[in-house]
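Shared between the two complexes below is subunit A, which pairs with subunit B and subunit C, respectively.
What follows is the complex of A and B.
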């Protein structure tokens, strides 16, 4: 009971501090991509957030106001619930489920619903287009991640994340299943609406699902995206980088370090790559990434036999 | 105490500006946003300042007023190199043509955040532009729960689909002339099904811009924005901004960056093909090559109507095609889709 409470405290600390670090990383990465000095840009996302708290939250004509306001709340809740199955050490986990990977998968797929809700409830054309565009791209991205996660669970012979971590004592999954982490990072970009997978809130739709959102409501949506990035990074660190395993430092410290590494990778990838038009991305997902994920699953299955 | 700390943090943020770009102002606005003190907002909802720059048509004034009223409070308008605009009369700031515009914008932004400057009231009454015309089951005048023109705005109604024959909702609305993803001044009457353009009519063509705005590196940079590469686009604009006309630019590193970032691979082969003018991908290559030789943007090929290029395309692809068109060619393509187009000379 005490350890569960300690794990819950760690979970919220990781979410808050991780989101703060992610905001700083976003500022630096955006500046570097523009060829500007990164140091001066570190705090820019925090300053923008402070401005949003000063700005009026405008409304549209007949929005679904309740769902519009709740969408970022649901997003944060999904990040927290998804993170709850991640172990901070062998006996420090908020929710030690035998089916932890299934719970994370449920959170992933509900992100599609939340982002759709955010766009749909604005009652405006660009927000709506961003919403169903995200559903079209988000669903196959989730399917890819399901194959990848099942492949990672095979050597552990368990869907519990503590077992998945313990199965990596000899060799981390990032080396055992080299296709896994790169494919899972695709999901990270999609779950957090970033760069090459930002189909919900892109430039060509004037901000997409966020096109009509301003003020504190927009700040809440950005914070929700960052908390989901933290939850995703911790999950990737757990499934592919041995989670809390490591010498000298305590388990939570190792998990935090590995989470920071994945987070930096996702932030950098968000700035580094071009976004395909949606129909081309759909072809890439169904015809390239999905077969690759399936191949990874078959190889993992044969190894497990 | 906490509030004042939050205010000073907000005051140090880049000023979020939505630019209403008129005739002759495109390059100056692009260069202005290279300044780290400013953020270019993609939606007026994300901005605190409206920057009005260049010359506008009489028809644009009503759109300018609507645009102004979409900015959340606190908001302010700044006019720079703009002619008098009868009918558009916010209590804004007029900047001198040679002013330090970035500094002036940020000063107004700080005053807004600190509460030292009052937010501008709306220019238009908060009421529907057309009267209620209720009829039908839900008072909207269509069939069932769909269709009709309740406030003079057509509601979605099923229509034949160009691609797969599914009868999905068709949504008709005007887009532009200040939409950030459109060339400045372009106003299209579009019918969309999902995000596929089913019908297109040009209401107003894009504004004429000086030769400087058609530098090949500027055109290439505009293609990178819909590809989600604003960083690389800014690097291209920075290079174009420092060049005298006809000077070759160093483009080897930019071409390499385009390849590594997957920008060329992201462009579907054959998208926006024009006889004699290649597709979107070859046009991007052509722009980089022309910039390297110090030449103007290459001639885009045989004349076509804009609707021939955009109808049947998904929104994201259509924005890429639009961004890939040389401004002069695009204006001619627009005139082909305007039933009563004035001649180029008259415009």
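What follows is the complex of A and C.
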């Protein structure tokens, strides 16, 4: 019981500090991509957040107010619930669920619903286009990630994340299943509405689902995206980089370091890659990434036999 | 602990019933789909309470995807692009009421007639492994048949209901309209139309 409480405390510390680090990383990466010094840009996201908290909140004509206001809340809740099955060390896990991977999958699919509701409930054209576009891209990206996760569960012979970590004592999954992490990073980009997979809130839709959102509500949405990035990074570190495994340092420290590494990778990928037109991305997802993920699953299955 | 579980169980079943009822009282297809999703999520959590740890979580997972797809398809096929426009969500009242009463009576009779297991789950029993062995062992044929049948039904439904496409009957191929009424399809060179060209001459023929 006490270890579960300690794990819950660690979980919230990771979410808050991780979201802060993600905001700083976003500022630095955006500056570096434009050839400016990163140091001065570090504070940009924080200044932007402080500005948004004082900005007036505007509204649209007859929005679905309940869903509109609750969407960022649900987003953060899904990040926290998804993170709850990630073990911080062998006996330090908030929710040691036998089907942890399936719970994470449920969080992934509910993120699609939440992002859709965020755009739909504004009752405004750009927000709605972003919402429907995100559903079309987000659902297949999620399906790809489920194939990848099932492949990672095969050597562990369990859907529990503690077992998945223990199965990597000899060899991390990033080397055992080389297709896994790159395909899973696609989900990270899609789950956090980032860079090449930002079909919900992109520039070409003037902000998409958050086009009509201002003030504190906008800040909440951005923070929610960052917390989801932290949860995703911790999950990727656990499934592919051996989670808490590592010499000398305690388990939580290793998990934090690996989470930071994945987070930096996702932030860099968000800056480095361009966005395909939605229809071409849809073809790429169904015709290239999905068969790749399935191939990975078949290879993992044959290995497990 | 057990009394707390009972309270949560009753609250969740109340929530499942309430959201299930609201499905028929709302005037928006999107709201209706997600109210149904909430109802199913409550049922999934109840299954977690009943130690069905895989089925409970998988129910939440599947229902989130299914209801999202359902909302998308309903909006696509019913030509109400936003889904925010109010519309009447119930139809065929008498038939629906009769079907509801028959289904409720049948399910209640089934529950009352069968002996339900009452003993608590022995600790340490590998429920997920047992379920997997059952699904991929004795019941595999049933589940695989049901799965493929459902998939075929979905694909067939979409094909049948989308026969009238945006540019005319889907059986004649997607063809952009002509520049003048009744003219040749716009934006296509004579050579590349191929088989579609042949169809075009029989526009008012005996297709279908």
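Here are a few things to note about the model shown:
In this section, the second predicted complex is superposed on the first by the 305 of 305 C-alpha atoms of A that agree within 3 Å, B and C clash if a C-alpha of one lies under 4 Å from a C-alpha of the other, contacts with A are read in each partner's own complex, and residues count from 1 in each chain.
To be clear about the criterion, a contact is a pair of C-beta atoms (placed from the backbone, for glycine too) under 8 Å apart; a residue touches a chain by one contact, two chains touch by 3 or more.
All of these numbers come straight from a predicted model, not from anything done at the bench.
Looking at the shared chain after the overlay, A:132 reaches both subunit B and subunit C. Of the two partners subunit B and subunit C, more residues of subunit A are touched by B. With both structures placed on the common chain, the touch criterion links A:275 to subunit B but leaves subunit C unconnected.
Looking at the shared chain after the overlay, A:159 reaches subunit C, while subunit B stays out of its contact range. Of the two partner chains placed by the overlay, neither subunit B nor subunit C lies in contact with A:183. After overlaying the two complexes on the shared chain, residue contacts for A:102 are found with subunit C alone; subunit B is out of touch. In the superposition on chain A, A:214 makes contact with subunit B only, not with subunit C.
Touch criterion met: A:36 reaches subunit B, while subunit C stays clear of it.
Once chain A of one complex is fitted onto chain A of the other, the partner contacts of A:54 are limited to subunit B, with no touch recorded for subunit C. Judged by the document's definition of touching, subunit A residues 132 lie at the interface with subunit B and also at the interface with subunit C. By the touch rule above, subunit B contacts subunit A in their complex via residues 6-7, 9-10, 12-14, 16, 36, 39, 42-43, 45-46, 48, 70, 72-74, 113, 171, 173, 179-181, 192, 194-195, 224-232, 234-235, 238, 261-263, 265-266, 268, 271, 314-317, 319-320.
Within the complex formed with subunit A, the subunit C residues making contact are 30-31, 34, 37, 53-54, 57-58, 60-61, 64-65, 67-69, 71-72, 81-84, 127-128. Those residues of subunit A lying in contact with subunit B across their complex are 30-36, 40-41, 43-44, 46-48, 50-51, 53-58, 125-126, 129, 132-133, 195-196, 198, 202-207, 210-215, 218, 271-280. Across the interface of their complex, subunit C is touched by residues 62, 64, 97-99, 102-103, 105-106, 109-110, 112-113, 116-117, 120, 123, 128, 132, 135-136, 139, 142, 159 of subunit A.
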